[in-house]
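The same subunit A turns up in both complexes below, where it pairs with subunit B and then with subunit C.
Entry: the complex of A and B
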């Protein structure tokens, strides 16, 4: 399994360096930086630093810039992980290499592990750059509980990977990446508390955030960074994330297996 | 001329068939703008609102939904017409780029045909916008019966020119989709889609005036929110026309450079 993971990691890194050195890295970094800029402009220039009275009550802090910048950075990280893993099989299909991948006696787990490891390297770089830019625009990191934040970040990668398996099988089912992923990302940005606390949403919309791993992950990460919360203080969020990961993993593994069969029959005859 | 028209039509039909293979796309075209619009609306929730909010220096609180709705209409309209440009890399992946450039097809017809292929989406979006604005949003103040068709025309022409310009940038390399992020997403912040450009510091205002959408949105808001007369809008229209002319010239020059570059490297498919 690890041979396959290593081979996939090396191949993907080579493809990224040779064919798309700029697109993925620059693309996602810029998206995160724009969220930082939007928060900065809105807070300082449009609203002159005046917040709604409820905001402090809902978030436990009056640090809007840290709240919004971490939301933007974590959203970019989630999108990046979801995209890189879920698009792997359909990219093979588009580039004509899926048949070869499916014909080799390699373990699919190794293939996905390689993909995850490769994207982990990429997202770590992207996330660090966004946080660094955010620090220039008002993100406060002085209260951060570093180990808790790192652990939440790693656990979130696992949760997003499980969600990516479901997304990947949906992409193969619809033979589309564009609509499927963008619809999910638009809904995620809306209901997961990326730029505003979830309780601001109408009550009937709030449960939608509960099925997105981004919502508990972001909540836990913000608490660790903004308020310096220890790991045991964010245990409810971590359990929530673990439960969602398990559900997505079961559906995702079943979905990918089914879709592989379908693709083999419908495309390669 | 007739041949040019048929080439343009052929590219429009090809791209339309390529992108609109299922009815889901029309659904997503309605759903995405609505979700993006409400997300933008709720992004203001953490701030102090009301009549005495600092926001009132630029827009009245009551006009905020219409401000965002017009902003998103403009942005999504542009985005629809430019999405075909980043899909240029699919021509490379599928190996069809070489075939297009070997054929004696007019290159400009090919580029603008790609942009125009989203015309139906544009009409559909505009129709949805008018419905939403009529039923859910207050503060509409039309310049006249001609204001909505003129707003549509301004959006359409400027978006096609912007789309053609982006298309030509994507001819240079398979790895140019990051240009989409560099050139497309700043529009959301700097062009006044979500925030009024008047609030920005000078350096951000300079960036905002590089995007044709800034001028287009100014005109559309004047037409639909302020009821401005045609005469008062003439200077802004002239400015937009000048910016579009610069973009068309840049498109023609870059197109020649891109073809020369591809011929020199001998590689129209891989990188």
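Entry: the complex of A and C
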């Protein structure tokens, strides 16, 4: 499995060097920076620094700017991971290489692992740029529990990877990337607590946040960065994330297998 | 040995009936097909009325699951033991797919080799030997997007051989290639079977290619096997007409009359056409060779012979004959 992951990592890096997807990278950075700027201007000029009394109670902090900036950065990170992994098979299909890959006895786990490992380089870059811009606009990093934050970040990558498998299956099913991914991203941005706490949503909408790995991941990451929480303090969020990862992994693996067959059946001659 | 027994493949196809209604229909692409692939031999799969050939190849290469029937490769079931089977087979398709255009030829082979579990020096040596074999060693470090059509097709062959498969499926491998490159490729395919002992299954729209390369031919119509034999036996077994063509400078009424009599005596047919060079082209078709009586007749009429040729029935004639018969 690991040599397949390594080969896929090298292949993607070579392709990236020759045809770097700048449009996606810039798009993700712009979207994150936009969230930072929106939070900054809204907080200072619309709300004049006044927060709803409930905010502190729900988030454990009065630092709204750090809350929103981390939300924007983490959302961009989630979107990037989801996009890069979920689009891998449908890209093979579109470029006419899917059959050649499926002909081999290689483990699909290794293939996806290589994809996720390679895309981490890009997402780490995007995340760092957004956090850096965020630091200029009010993001406080001085309380950060670095090790806990890094660990949460790594575990979140795993959770987004599992969710990406399900998204990838849906893309193969609908033979579409644009509408499928953007519908999910819009819902994710709205229900996962990116710029405001989930309890602010109408009650009937709140359960949607529970099925998005971004919600517990973001909650745990914010606690580690804004309040300097140690890892054991965010265990409930990590368990929530682990449970979602497991569910998405099972559905994703099953879905990808089914969709691979379905795609092959639909191109008959 | 690869053994396909009573293989059947049914596709379920969705048809839209207005905005909200849809209907599923079943299309039988392969029906009750049985064949064998033996190391060192090339078999051809020819279709009369479309569908079935690519589906058969995809089932043998584990990309598709048969609806019923079995395919075993050296004793391994193509569905249950697909990983073992995948290691023993490979497929080369015509056109410019199945390659990463942004990678170089060498990088493509490195990637696919890794997916087959090859690593280190063994992979390196295999790639070098394949690049030399297909004549791409000099262009190994050029991105595939800068390759010509023929170079891409040769790289496809190298990709198809990267795992040293015992069974190779060639689906229209010379599609769209220039004649000299296609000929070079046919020579290479022939060597793969004769010198390297590969069992090869070939499908092609170019019937002369199948005739030239294949030891045995399976002819399928709507996924069903209608004939199986060597190309020579197939052409002989149908007792198709041999065409005898002669070009003469003039055609008198008496010669025309005698030609008609000759054709009647031998139970054949004739076609006469005037050419641009003011000569006459006479074509006699029949199951019996009419060369000798025709030459005697022309000598009797003191008619010089400008050109004489005989055309034996080809595999293409067999296919056309079968298509006509089944379409009728």
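Following the convention adopted for this analysis, the second predicted complex is superposed on the first by the 266 of 269 C-alpha atoms of A that agree within 3 Å, B and C clash if a C-alpha of one lies under 4 Å from a C-alpha of the other, contacts with A are read in each partner's own complex, and residues count from 1 in each chain.
Here is the rule we use: a residue touches a chain if its C-beta (ideal position, glycine included) is under 8 Å from a C-beta of that chain, and two chains touch if they have at least 3 such contacts.
Given the structure is predicted, the values throughout are model-derived calculations rather than measurements.
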Which superposed partner A:173 touches (first subunit B, second subunit C, both, neither): neither
Superposed model, subunit A: greater residue contact from subunit B or subunit C: B
Partner chain in contact with A:95 - subunit B first, subunit C second, else both or neither: both
Which of subunit B and subunit C A:137 touches, first, second, both or neither: neither
Partner chain(s) touched by A:182 [first = subunit B, second = subunit C, both, neither]: first
First (subunit B), second (subunit C), both or neither touched by A:104: second
Which superposed partner A:55 touches (first subunit B, second subunit C, both, neither): first
Set of subunit A residues, in rising order, touched by both subunit B and subunit C: 18-19, 95
Residues on subunit B engaged by subunit A in the complex (per definition of touch): 22, 24-25, 28, 31-32, 35-36, 38-39, 42-49, 53-55, 58, 90, 93-94, 174-178, 180-182, 185-186, 188-189, 194-196, 199-201, 204, 270-271
Footprint of subunit B on subunit A - complex, ascending: 18-28, 30-31, 34, 37-38, 41-43, 45-48, 50-53, 55, 64, 67-68, 94-95, 174, 176, 179, 182-183, 186-187, 189-190, 195-197, 200-201
Residues of subunit A touching subunit C in the complex: 3-4, 6-8, 10-11, 14-15, 18-19, 95-97, 99-106, 261, 264-265, 268-269
Residues of subunit C defined as touching subunit A within the complex: 11, 29, 51, 53-55, 58, 61-65, 82-84, 86-87, 89-91, 93, 95-103, 107, 110-112, 114-117, 119, 143, 159, 163
